[in-house]
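Below is one structure, written out as structure tokens; the observations come after it.
Order of writing sets the chain letters: A, B, C and D. Residues in each chain are counted from 1.
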Amino acid sequence: MADLTTNIGNLVMKNPVMTASGTFGYGEEFSDFIDISRIGGIIVKGTTIKHREGNPYPRMAETPSGMLNAVGLQNKGVDYFIDHIYPRIKDTDTNILVNVSGSTVEDYVATAEKVGELDKIPAIELNISCPNVKEGGMAFGTSCESAAKVVSAVRKAYKKTLIVKLSPNVTNIAEIAMAVEGAGADSVSLINTIMGMAIDAEKRKPLLSTITGGLSGACVKPIALRMVWQVSNAVKIPVVGLGGIMNATDAIEFLLAGASAVEIGTANFIDPTVTIKVIDGINAYLDKHGFKSVKDIIGQLETK
Amino acid sequence: MRKYLLDLTVSGNEKLSGNYILMKLTSEERLPDMLPGQFAEVRVDNSPSTFLRRPISIHFVDRDANELWFLIQLVGDGTRKLAELKKGDIVNVMVPLGNSFTMPSLEQQELLLVGGGVGIAPMLMLGAALRNLGYYPTFLIGARTKKDLLQLDAFENYGKVYMTTEDASCGEKGFVTNHSILTQKFDKIYTCGPTPMMKAVAAYAAKNNIDCEVSLENKMACGVGACLCCVTDTTEGHKCVCSDGPVFNIKDLKWQI
Amino acid sequence: MADLTTNIGNLVMKNPVMTASGTFGYGEEFSDFIDISRIGGIIVKGTTIKHREGNPYPRMAETPSGMLNAVGLQNKGVDYFIDHIYPRIKDTDTNILVNVSGSTVEDYVATAEKVGELDKIPAIELNISCPNVKEGGMAFGTSCESAAKVVSAVRKAYKKTLIVKLSPNVTNIAEIAMAVEGAGADSVSLINTIMGMAIDAEKRKPLLSTITGGLSGACVKPIALRMVWQVSNAVKIPVVGLGGIMNATDAIEFLLAGASAVEIGTANFIDPTVTIKVIDGINAYLDKHGFKSVKDIIGQLETK
Amino acid sequence: MRKYLLDLTVSGNEKLSGNYILMKLTSEERLPDMLPGQFAEVRVDNSPSTFLRRPISIHFVDRDANELWFLIQLVGDGTRKLAELKKGDIVNVMVPLGNSFTMPSLEQQELLLVGGGVGIAPMLMLGAALRNLGYYPTFLIGARTKKDLLQLDAFENYGKVYMTTEDASCGEKGFVTNHSILTQKFDKIYTCGPTPMMKAVAAYAAKNNIDCEVSLENKMACGVGACLCCVTDTTEGHKCVCSDGPVFNIKDLKWQI
């Protein structure tokens, strides 16, 4: 049994496997299938200052080795989360993180402040990369200036571990990561979904109500892996890698590319026990190759 | 209700008339409890175009044989792959998912179960459950043509069966809402089938002040209420078809009927 | 039998199906399998002013529903093309286009000029988007200024149909397309490959000699389709759509999204007869839906 | 040589010892001409992780039975899917691809065919062709252990067969280049197997001034020289293993031997 603990800033995780926001609900949805306290961290659904109904349906389309979603940050708002959901989940024996989303800097700050008061939430993931909302969302994550602006503001208001989730829909993700690092982020996570589209040729109509949506799943892995590698070569803060991780081998690839932890998203839909398999698989890999700790493989890709 | 992730064994996979299969799955262990209206998320192996699971209603649970039945219409790669499975093959399912049809609270109710096309799938389990509670439900089954009328014998075990076909090849001609049985009085209607059919049934129910539950479909990813992909509009805003449904009372939906 | 002819600027094509550069060689490689003269256009391998050996190997890695390549524009240079290859292929009864690549504006211009003198080459595709070469290549395609600069220069030197191939590795592809349109391009084609990466977890090494490479195949289709739709809503010049087209339905989706023609790349490796099947499939679709001409479906996506 | 895209029918698919299968494919039409050293690009259906075709050497062509044989080592999803195919299943292949081994130009040559692991695959077809031209080749087959030694009877039809195993479970112990037969004089060596083995054989050949041809592998996408993914370094720069090869003379390669 290797040492699986890993750190993201001040956040200590018992293993490097978290669940990606929007794909694992509040954890409870999966507790019939697995012991969710075994997971390194659970990042709950994107939370905004106010209740959001999200986009009209259809919101999902299947694509080769992947899927598009257009959920659009449906959630009941941070106050509802604090009053009704937090009490239910706060005593889960793992790190519960809130994915904080917004349309304006003020919204982000207000939401982060409220979440900052919750004892059992040790970190937030600031979502500046959601492609499924018209205002704000991804726009913040596609330029260095706006990314730095929102991160600086939240940094002032939020004292615990601040992870910033980056958008892959950019020319140079390493630059954005550096801007965010400069603005005080403790960590960056990537990638959020890639903007895509699907069409019903017979009906000559888009398959999603919003025409475009966010692509996730196995198909995006090569792109996500490349970005994680680029970003971890560019910043000093720890990187959380995700995008298309379906099994332990995929997760190990992200660790080798420089991620200090990983998140699993779409794969939960295909196998609700995948997180446990990935944790066990990483352990088996470390044992097989004679590594004592997961930290021994982080960033250890040999590129001559 | 507790959900399970199970590797079940195909104990039968019969090609029915039309483009349907009746798949029976079994297990060494007792199958978990399931309610009428619930569904399973079925993994389709070895289909390059089937990334996500496929939601399939629970058609019937044969407790004696310890068998779970699916009635499946072959529409694309995933369902066609399921049709190729042979006795002894393994199918991975998440089950049981979703809510269920509401059992009537009063005795002596006249219950109408309306199924269209493959929408009859959950109606068999529902009919059996109602019969078990002492009701004698009426089934009204609509199809395009005779060969799309399935499992009639099975339905007859639990109640009276009426049919419509669009081409008059069996039962009365037309749509279910044209059937003469609707001149009788019903206390509750349960329905599953194509959306236009369900809306017509709902309109009939609303007009006649009959309590009515419909089983909806939508594109699903997780099947457990986690991803919010499968929502439908309700009077309380977006609700998940997979976890708040698939069964909804029409008074909670925002259908223009 | 519907009318399949389509136009890209002054270029008339008997049908909207071309083969993508780098995936169909010089056409000859596939002539045992199909009658290549049935194809609407053949875009030959990326051609540079001088001979290039390309990248070391391994150059290919398979990914979920796709592949990464790191060929790096291996070719014998434009003079060799003119002397040895052009004479062999010039009388093929279809449009032969040259994909012109380079590292400097001067190289692009010099290559385009030489190709411009070839009677039987009615158009070039200017590749400002190759992610597999260190200097130039993709760099030109990732900013409006550099894209406009190289296109203006080539436009002055090349009088026939000028198609500019765009990079998907950008924040806003519509802006680049508009810059290129402003600089005098007759058409834009998109997408080139998306930069990706693959790792051998057991060996802890990259699977490609160049670490990163270009992703293509079915997995990129949702992204490509979205970009084609964005670009065709932004420019007036015709758009050529490609990226992950595996069958006729995929091709029709690109036409509906606004492409006046499509290119087929990676799919040729899986089925060397795919181009013919796509042409026949488009025709069957038009007949089935009662369209007299392929032009009746271009851009006809109903978005309410 | 003209290439074909063929739907062939599985006429046999035998599991051999170790982790190998011998697949036989046939057709209603006469199979096309193929040369020793050429290969096929095989489509693997229903494997979500097999996007591209799989290159497989032509192991043998049985003209009487009109059968094409593949000898396949199961290493991943694609080869495992091929192993599941049953008699009557259809396999789509592009064939024949690549160049071929050069036949000797002089009579009375002593020819050594060295195969390692699944690298023996092309050696059977080559041995048969050489025997047919009147030569009596020597086969030297290396494997890790006895159960990786395949098709020995078949090889014996065409020449003398010598073996090495790393664990001494059959033939001489060690690698092929340790075998005592190498003390004899050979005029030409043909080899296919793991790269370290081929390099050792090539080094032996170079030292003893023996003409030597090797059959290379590389990652392939198109298989027909169109994509330039599969290159190897030669004295004339990058050449495609799929179309300029897979057979190269060692004097044209830039191996450090």
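Assume a residue touches a chain if its C-beta (ideal position, glycine included) is under 8 Å from a C-beta of that chain, and two chains touch if they have at least 3 such contacts.
Keep in mind that what you see is a predicted model, and the values were worked out from it rather than measured.
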Minimum number of chain-to-chain contact steps, subunit B to subunit C: 2
Distance-maximising chain from subunit C - centres being C-alpha averages: B
Whole-Å gap separating subunit A and subunit C, where each centre is the average of the chain's CA atoms: 34
Gap in Å, rounded to a whole number, between the CA centres of subunit D and subunit B: 55
Gap in Å, rounded to a whole number, between the CA centres of subunit D and subunit C: 36
Separation of subunit A from subunit D, taking each centre as the mean of its C-alpha atoms, in whole Å: 47
Touching two or more other chains - residues of subunit B: 48
Shared-contact residues (touching 2 or more other chains) in subunit A: 63-66, 218
Topology of the chain contact graph, where touching chains are joined (line, ring, star, complete, other): ring
Interchain pairs in contact, sorted by label: A-B, A-C, B-D, C-D
Of subunit C, residues touching subunit A in the complex: 63-66, 68, 142-143, 169-172, 194-199, 201, 203-206, 211-212, 215, 218-223, 225-226, 229, 244, 246, 249, 252-253, 256-257, 285, 297, 300-303
For the subunit A and subunit B complex, residues of the former touching the latter: 22-25, 29-30, 32-33, 45, 53-54, 56-67, 69, 71, 74, 217-218, 266, 268-273
Complex contact set, residues of subunit B against subunit D: 46-48, 81
Subunit C-facing residues of subunit D, complex: 2-5, 43, 48-53, 94, 218-232, 237-238, 243
